[in-house]
Every structure is written in C-alpha cells, then in structure tokens.
Amino acid sequence: MRRLLQPDGSLVEGGCSRLGPEQLVEALRWMLLSRLVDARATALQRQGRFGTHSPVKGQEASVVGSAMALDPAVDWIAPSYRELPALVRHGYPLERILGRSMGRSPAATRIPDGVNVLPNQVALATQLQHAVGLAWGLRLQGRPGVVMAYFGEGAASEGDSHEAMNLAGVRRAPVVFLLMNNQWAISTSREVQSAGQFFRRAEGYGFAGVQVDGNDLLAVFEAATDAVARARAGEGPTLIECVTYRLSFHNTTDNPRRYLPPGWLERAECEDPIPRLEAHLAWLGLWDQGARAALEAEVAEEVEAAVQAALAMPPSRPEDLFDQVYALPPERVRRQRQELLQHVQEP
Amino acid sequence: MRRLLQPDGSLVEGGCSRLGPEQLVEALRWMLLSRLVDARATALQRQGRFGTHSPVKGQEASVVGSAMALDPAVDWIAPSYRELPALVRHGYPLERILGRSMGRSPAATRIPDGVNVLPNQVALATQLQHAVGLAWGLRLQGRPGVVMAYFGEGAASEGDSHEAMNLAGVRRAPVVFLLMNNQWAISTSREVQSAGQFFRRAEGYGFAGVQVDGNDLLAVFEAATDAVARARAGEGPTLIECVTYRLSFHNTTDNPRRYLPPGWLERAECEDPIPRLEAHLAWLGLWDQGARAALEAEVAEEVEAAVQAALAMPPSRPEDLFDQVYALPPERVRRQRQELLQHVQEP
Amino acid sequence: MAERNIVEAIRDGLAFEMERDPRVLVLGLDVGRLGGVFRATEGLLERFGPDRVVDMPLAEGAIVGSSVGLALSGLVPVAEIQFLGFTHQAFQQIGPQLARYRARSYGRFGCQVTIRAPSGGGVRTPEFHPDSIEAQFVQTPGIKVACPATPADARGLLLSAIRDPDPVLFVEPQRLYRQGREEVPEGDVVVPFGRLRVARPGTDVTLVAWSAAVELCLRAAERLAGEGISAEVLDLRTLVPLDVEGLTAAVARTGRAVVVQEAPLSAGFGAEVAATLQEECFFSLDAPVARVAAWDVPYPAASLEGWYLPTVRRVVGAARRTVSV
Amino acid sequence: MAERNIVEAIRDGLAFEMERDPRVLVLGLDVGRLGGVFRATEGLLERFGPDRVVDMPLAEGAIVGSSVGLALSGLVPVAEIQFLGFTHQAFQQIGPQLARYRARSYGRFGCQVTIRAPSGGGVRTPEFHPDSIEAQFVQTPGIKVACPATPADARGLLLSAIRDPDPVLFVEPQRLYRQGREEVPEGDVVVPFGRLRVARPGTDVTLVAWSAAVELCLRAAERLAGEGISAEVLDLRTLVPLDVEGLTAAVARTGRAVVVQEAPLSAGFGAEVAATLQEECFFSLDAPVARVAAWDVPYPAASLEGWYLPTVRRVVGAARRTVSV
C-alpha cells in the first residue's frame, strides 16, 4: 500500500509531494467544506428538510485527492453518491447539489450545461459501464478527456463492475476506476465482500492496479495523477484502491452502532485524513491556529450561502414528473401530463 | 502454462503422469467417443434429425481430463454446452443426451435421478452462480461433494462469472471453475474478449488460478485433481484455465470460414489432443494399430447403439409443455393444459 | 395471537419456518448483524447462527443464483433483495433460471426458493428503491408472485411461500411495514396462494388491488361510503396464481370495477386484471373496468412522489365515474 | 425501391444511417467480421471500419451500459443484443439506466441509443433465444419499443429509432427475417412511431398483433375469409408509443377484437391492448376482446414449440367465437 504522508504530518523516507502549498491548502479547503456539508446536511435531514444523505466523512482525502488530478474543462466524473467535494470542484455548484436533496426544482438543481459530471448513481456499479462508454467515446472522437469513475468496495462485487473493467481493458478506454474501500457496505464488512485484494483485480483485466493509503492526500493525488496521465496518453485504464475508513453512518437512515465491532470507530478515527493533512501543513510551516480559523470561517460562510441559495430555489412542480422523461413523449404520456395538471388544479 | 505432454508423446523434463495405463486408455476412449458423437450429431443435424449441436472437437483433453478428476458418486458437474463426454462419464447416458437433441420425450431423456449433473446451460455463465450455491450447500450439509463448473472464455466476460467467483472465494465453496479458453466465442477472438490473462482473475478473488495446456490430458488431469483435492479439503475454489482450440464450428449454425484468419485452423489442428494422447500411449508402448482399431470399433458400436436407442424413445407429447413447470401449477395453467389437449384432439 | 405490524409478522414467520425446517436459511445484504435494512431479519443471526443467516457480497445475481444452487443441494433458501428495484441486477437469474429450473430439467430439479423484496413508494426512498415492477415477473412463467398487504397475510403467505416447492417472489409493501398492527396468529397458520381476500365488502363497485394499494383502496372506499357509494375492496394477495374465479365472481356482482396499482399504467398487472375481467364477465359489466395507476414515467424524486402515485382522490374519482356510467 | 427481406432491409437501414450520420456506430456480439449471427450487419465492418462496427466482449450489460456512455460522449450507438432473451443479462442497464437517463439528469443528458434484438419463436432455436419479453420493457418508462413485421417497416422504423433522441428497443421478428421480400424504399423514408398499420382491411372482426404474430394473423384472416368472416389485421408497429386512437377507432368499427401475441398470456402486452380497448370503446364492443397467446409456461424445446405458440387454428377459433357472440 502506497503511503507518502505519515500520521505525524511528515513525509515517508524518500517520499516526495507533488502538491505545492497553494494546492495543499486548496485540498484542505475542499475537505473541510465536505466535512461541514456532512454535518449541515445531517442536521437538515433530521429536521425533515433534506433527503437521505451519505456522508463523505473519513474519505475526504480519497475523494479530493483524486478529483484534483482532473482538469474540469476536459475530464469527466462518473460519481457514485459519496463524492460531493469532487463534484463541487468539478463545477457542479454546491447549492444545486444541496437543492436537489432538498426537493427544489429539478430544473434549478440539475447539472449545468458544460459541467462534465454525470448524475449521482444509486444503482451500484452501473455508472462504471457508462464511464467506460463515455471514455471510449471521447477517445473515438479524438477528444482529450479522461473519466474518473468512483465506486465502493461493495459495488465492486456487482457484475457491472467486472464487465466495465474488462471492456475498459479491451478498448484501452481513458478511464480511472477509483475504488473507495471504506471497509463497509452498509453493515457488510470488507471480509464478507471478497476474499481477495481489490486492486489485484486489475491484472486480470490487463491493466495496472494500485493500492494507496486513502487517508493520505499526497498518495491519492500521486496515484490519480499518474493514472490520468497514462489514460490521457492512450495507455488505458487504471484501478486505484483507496484504503480508507467510513467515519460516519452509511447514510442518514443507518445506525452503525448495531454492527460496528467495539473499538472499530475509535481506531479508524486515528486515521482521519483532515488532521493528517493539517499536520503536514504544519510540518511544512504553512499552518497555524489563525490560518485554520480563517479557512474554517470562509468555508462555513460558503456552505451557509449555498444552503440559503438552495432554500431560495423554486420548489418542484407536478409537471417536472413529465417534462424531461422523453425528448419526444408518446401521446399517451402527454395525455397523462394533462390529466395530472387538471387533477392538481381541481379542489 | 503448465504442460506435461509434448506433442511427440513424451513427457516434459521431470514431468510425471498421474494416470496409469488403464486410465489413459479410458481417457482416450472418452475422447474418441466424443469426437465420433460430434461427427454423428452433425450428420444427423444436417438431415434435420438433430437440434443445434456444439462440438467438443479439439477440447476433448480439457473436458475429459477434468471430468476424470471427479467421483461421480459425490461430485457434481455444472456444464455449459460443450462437455458431452464429461456428462456421459458422470452417468448421464449418451442415448438420453442424444435423445434430448432429437426431440424425444423429455421424461425419457432427462438427467436420471441420482446422477449428479446439472442441465446444459445456454445462458452463458449463469451456471457458475448455481455451481457456487450448490457447492456451498453441500459444504453446509457436511456432504463431501465438489462441483466442477465449465465455462468458456467468452462467458467469463459476463457479470455472473465475476459474482460467482467472488462469492466462491468468500464462502470457500468446494468448486472448481474450469475455464475452457478455446480462443473463440462464436466469431469473437480471445483478444477482443479480454486484455488480461483469464487465470489471473483468481488472485483478485483470493484463490488459486492456474493455466494449463488444455490439449494435454495429463496436465489437465493433474490440475483438476489438485483443485478437487483442495476443494474437498475445505481449502476453497480454484480457477483452471485450459488453453485449447476449437477445431470445429461454434455450432451447427455457424460457418467459421467467415471469420477465422487464414492458417489459423491448420495451426490449431497441430495441437489436436487425440493424436497427442495416442503418441503418449505409443511412447509408453501401450498402443498400436490393432489396439486403436479395436477401441475405435468399440466406441463406434456404443455411439451407434445410443443413436438407435434415442431414435426408439417415445416422442414429446403436448402435455410435456406443462407437466414439469410447476410442482403445484396455478389453476389458470391447469386450464390452459386442458385447453391445449382439447385443441390437439380437435380435427 | 399477538399484535404485529408487517415487519414483525415477517420476522416472526421467518423464525417460525427456520425453527420448523432446518433446511431453511436466510441470505441477502445486511441480513445478519444489522438484521436487514428494515430489520425484518433482526435476531435471526443470534438465534440460528451464521450458517443459516448469511450476509452476502453485494451482488444480487449471486444472491439469487446461489440460491438456485443451494436449493439444488437440498436446502430451502429465503433470499432477501434489499429493494425490488434491484432485482433487475439479478434478472437473468430469476425469470430464465430460478423460475425455469424445474422445466429445464423436466422435474429432475425443483427450486424451493423464496425471494423477499420490499417494494412500493410513498416513503421518500432514493431512486430505484420504490419501483413497482411486479408485473415483469408475471411474464416469466414458473415463479409465483405473492404481494401481501396486511400483517396476517404477510406471515401466512410467507409460510406458504417458503413451503411451496415452486419458487416464489414475495413482494413486501414497504410503506405499510410499520403502519398499523393487527392480530397475527403465532402458530402454523398458512394463507394459501391463489385465493383473494375481501378487504371490505361492498355492493356498488369493486376496487381491485394488491400490496400497498389495498390500503389506498380502503381509504378510498371509506370516502366513497361518505358519498353513498358502497365499494368492495379486493386484495388479490397473489398475482400468480391469480384467483380468476374469485375475481370474476365478485365483479360480476357489482358490475363495475376499478383496478388500482402503484406501478406505471402501461403493461402493469392492472392490465391483466382488466383484460381478464372483460373476458370473463363481459356481459355482467355495466361500465368499462377502470384503471388507476402511476403515470408512465419513472418513479420521481421524493418531492414529486405525491403527484406520481395514485391517490385516494384519483381512486374515488374513477370509482365515481365508473358507478355513474 | 428494391425487393428485400427483413434482414436485408435492416442491413440497408443501418448502412444508410451510418452513411448519413457519422456519429452512428454499431456494437454487439459478432457484429464485425461475422456480420452478426443473422448477418444483419454484414459488410458494415468493411465499409465503416472497426471504430464504427465493434465486436464486444461477451457481456450484454457492457453492451448496453457502454452504449449509454457512448451516447453521453455524443455518439449514436446502435447496439445489438444477440437475442432478446439475453437482454435479461442487461436489465439493470436498460429500464433503470438507459431509459431513465434523461429523467435522472432532468434533461442534461439524453441517450440516443437503439438496442436491436431478434425475438420470437418458430425457428427451432435453443432455450432463451425465442423468448418474447417485450412487455417487460413497456413497464420501464423512458424507452420506446418498436416491433416491425415487414421489410419496409423494419427499415423505416429502424431509421426512426436511430434518429429518435429517446432510447429505443427495436425487436426484430427472427422467424420472418428471410421469409418473403417486398419493395423497400432505398432513400430517406422513415416510418413514424406511434401509427399502426392496417395490414389487411376487414369489417367483421379486428385482429391486433405486432411482430411475427402479424403474419400469423394474416394467415388466419385468409382462412376466415374462406368462412365468410372479414377480418381486419392491425399491426401495432410500436408498443411505445401505442397508437391508442388508431386502435380504438378501428375496433369501434368492427365491435369485435382478438389480440394475438407470441408471449405467454399473463401480463403480456396483449393485456394492455385488451384493457385499453375496453376502456376506450366499451360501448362499441359487441363481444369481449379475446386474447390468443402462448401458454403460461416457459418457451419449450424445439420439438414442442408447435404446440406452444399461437396457431392459425387458435386465432381462427377465437375470431369465430368473437364474431358469434
């Protein structure tokens, strides 16, 4: 398992960081923002004002470190549902993402034109097939993009994950499979998921597989940058397994106390990627209480503004059910739309 | 790639055969029988008296060598559709197999009670999931059986193949995945199928994968025996990739001349496992023209008797449509059965 | 007898069958320590151990496909698919394999397998979780389809499902899981397949439903009663076998029927009910058989589901129109 | 104009679209050098090269799923699934993904994808190859379903399918692939979706069908004509969109209808047709809408298929009974 950053914030022997001071602070900023959104969304959900939320908590280095290897102008993200800061960095405005979970108008919350992000994917591993097709299609058209496809170690058990990776190998599609092994699929532990090592599957598909410390921003960034460079150079896909820990519940409907072994969470919390990156910044002499407070305040303001913007968005309307299902809707569906609108107007 | 038997019939340096003279002749017998059935079934199919046939031709060492590692009293076979001699050896009478393809009564041609063979499987790779469940179930019940599951390198691209192998690893199911890499999936070449090596997938699932010369009966038998022994000892699954060549068409509806590269078939024919095994018997001093002629005559007689027995079986009846679909059929289905039988009786 | 909601009744039914028949085992996602995302298997791991209550890798095809194999080995698997919408991930193993294994082997191998799956909307679940795709399984002969709507039926039909030598898809109404308790027998009390239940008697119009839509129809019938319309509510209980006789006899009595389904209109099981009714009691019908369904669009985000699903108002409207023909 | 059978018409339609629109590419099993197991893509590899005619690894989920991605990238994939029965291996990618991608992204991403698949029985194919499961796709809103029955329609509907910005399942009647030629326009002649075709005019009873069952109905109509019964044959052409207006207008004229499908009876698309007809023209119907279908059992072995599929005799019998009510 590749690691660059020690828990105390120092680099491993001979380790070398590819991120300059500004980028390190940018990364920390995304990570703090993500952590804050998790807290805010959870609170809103408890108040009945937010849909199901799946926190990124604990996995911020994996998400942010991989996303920062991408160029939003040409590269694409095929997300699962636990990659919020990656999407925001890539150009999907935070208020839209929040608004979507708050039942705001789908027109107001959809992915903006020109933002290279696919919709969140709940049907596990299905997005990997789309990612491969998209990457292959870009390549066929001589366009420069690389697709970063996120999935969990649970999703990796689905047939779609195999079919997608095998096809990617055959077509040398410019795609990076970013497997976030956070040790849990709801209550199912990593051992129940597979008897093998996830990153080793790549070899069977004829491309490189690497395992990195997913709580080490520098290691994730390094692996992702290399993979993106390879993909861009026409050298095909890479599977990156980020070994990390889910530090929160699976989602807001879950109660991990029912199944986490005693002490597991406490041990996992020692690996929290945020203090580790802060320690690194401090080790580099770039960090102090003041800097931290300033960044936290900035992030808090941004999140609050996004929440307010989301609340101010127009609500969903009945016709939203119909308006973007078909480009050319069948007559029967048109009639059903009319029927609904009439029905809604009746007392 | 593991190989024991040289093309000239000698053993490789330090190679050692686990098969005694009788077993070698038995193996050759199954292989010749299989080859003859291919010819006979194809001829019958051309006359419109036989359904679609998928020849084993070229793959006899893989099929027979693996099947001979099994104990039909306790072990199971989960076939695809290209393993005829394995099924016959395991106790599914040849005349029944042939009768099935000749439209004879399903009652007369079904797998006999007590014969541990699953039905032929046309929906590629689905049988692997059944094989794992069966193996796991046997283990849960403390029964000694091992399941040998056959599939092609094409079927290995299906999601079912991944899900089944991964589950087998987790449950340490006593199953052997026998991947017959015959280089073709209809017209799709091995390179289009995967950029990786098939046997290497096993490592990703946490169990052993081996690649053997699938035209080398001794090597296949050795690998299969080891795998069966491991499974029986509770050490879990093995993936065996038999590298072999499809020396005939995909099935009787196929015309490989449309897609085989020039010279491919001629080169592949040099690897024919039957002459190789005969050369080995000769090298051991166990084989001559007379012995061959006697064995061929014996096999011919057996095949002919099976064809005649199949022809003498009762034909299918309309009620066969209904009689084994449900153990407890819905009323509507019962009424449909009556309706059909009435309809059939009407002029 | 004890007061139980639907989840409790299912849990109790599972435990009862596991106690009664050592061949029965439960497998699925998170069914062990967690007790299932809806707690339907809570306590079973502790009681029956990890060989009979099995957390599976995250692959629906493997859950169903290995259940086929477990059944071949002589066991009686009860598989849980976390939400009915995710049976699509296992479709190749359900209709063509599980449902047909007896036919494929001409009776040599049966598959005594139950697949349990929560279904239906109205509880603000994420995408794919609320999809009502039960009709798709009626098109794959060989599997039976049970859709209980009450705690007693949930337990009684579950016992029938597990004991049925044929495979059964057991669709559970997630919206009703914890909505209301009723007396549920504790012993060996099965509810047979293929016999509908009169959920509320009535004389003017017959409302036909299954799963959570039965509850909707009961509310509509209440409202209709206030308008002087006596609506009978039929709960089909099982779609396969379909109680054609009970259905046509009941509708022949009122001469008017409204079929209510949570699935989108087109090619839903409501179409089968309407088609069958007009075939079987055409001359007793005073009005066309009406259908109230979700619209022919995908299940929407939570904020839109109230407009998507059939409502009491729409059922009442259809019943009113049907009665006034 | 040229005389073509259905396979030739499809091949010609594919080539025409690939020529017209450089974004169109064809992918599937054995579509390249072999030209597809039915030769529908024969010659395309040579003409358009391996980037536009792509042999895929053997995984239906990847064929459909990567088609979604190819469409997202701006291309227009025409995917071939070797037989409709094997769409079950890709079900999670069809209804919930391909069909819904526009809805899921609220219009940000459409999927202009056509899935072609041969279907239907009567030609002694192995297990799963002849399954008629088209109704299952009608239950997954967002995808259109075309079922041509003639060479001209095969080409004209295929052009419509490929150009439709919505995804289309294009079901091809394998029994009719090479059965009979007709004049097929060579130019840019599309057959629009949602307009049924009167395959044979008649006045006493309306036979409704799609795909290969249309040909069966034509034979039945011929036989009925000999008995003095004038049967009209309607070819629905597309199940989604369904030409409800054309259908009800036609059946209202005769007052009698028989729906014929190759799929098993229960919950087949024939149920939707019957349910719709009785809803829309109840008071014009002189007899119940009859259904003739395969039985509610799995598609059997070749030796049994003659007893399984609907026959001319059964269609004639149903029409006779319907007319005599």
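Letters A, B, C and D name the chains as they come in the text, with residue numbers starting at 1 for each one.
By our rule, a residue touches a chain if its C-beta (ideal position, glycine included) is under 8 Å from a C-beta of that chain, and two chains touch if they have at least 3 such contacts.
Quick caveat: nothing in here was measured; it's all calculated off a predicted structure.
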Winner on C-beta contact pairs when B-D is weighed against B-C: B-C
Farthest-lying chain, centroid of Cα atoms versus that of chain B: A
Computed distance of Cα centres, chain D from chain C, in Å: 30
For chain B paired with chain D, centre-to-centre distance based on mean C-alpha positions, whole Å: 36
Centroid spacing, where centroids are CA-atom means, of chain B and chain C in whole angstrom: 40
Distance between chain centroids, defined by C-alpha means - chain A, chain B (Å): 45
Chain B, residues touching no fewer than two other chains: 106, 123, 157-160, 163, 166, 170, 192-194, 320, 325, 330, 332-333
Shared interface positions of chain C, touching two or more other chains: 56-57, 59, 61-62, 85-86, 89, 92, 96, 100, 103-104, 127-128, 141-142, 240, 242, 266, 295-298, 300
Chain C residues touching chain D - in the complex, by the definition given at the top: 85-86, 88-89, 91-92, 95-96, 99-100, 103-104, 127-128, 131, 133, 135-136, 138-142, 240, 242, 263-264, 266-272, 274-276, 278-279, 282, 285, 287-291, 295-298, 300
Touch list for chain B against partner chain C, complex: 106-107, 109-111, 113, 118-119, 123, 126, 128-138, 140-141, 143, 159-160, 163-164, 166-167, 170, 320, 323-328, 330-333
Chain A - residues contacting chain B, complex: 157-163, 166, 169-170, 172, 191-198, 200-201, 203-207, 236
Partner chain B, residues of chain C touching it in the complex: 25, 51, 56-57, 59, 61-62, 64-75, 77, 92-93, 96-97, 100-110, 141-142, 144, 164-166, 194, 240-242, 244-245
For the chain D and chain B complex, residues of the former touching the latter: 29-30, 32-35, 37, 55-62, 85-86, 89, 124-129, 265-266, 295-298, 300-304, 307-308, 313-314, 317
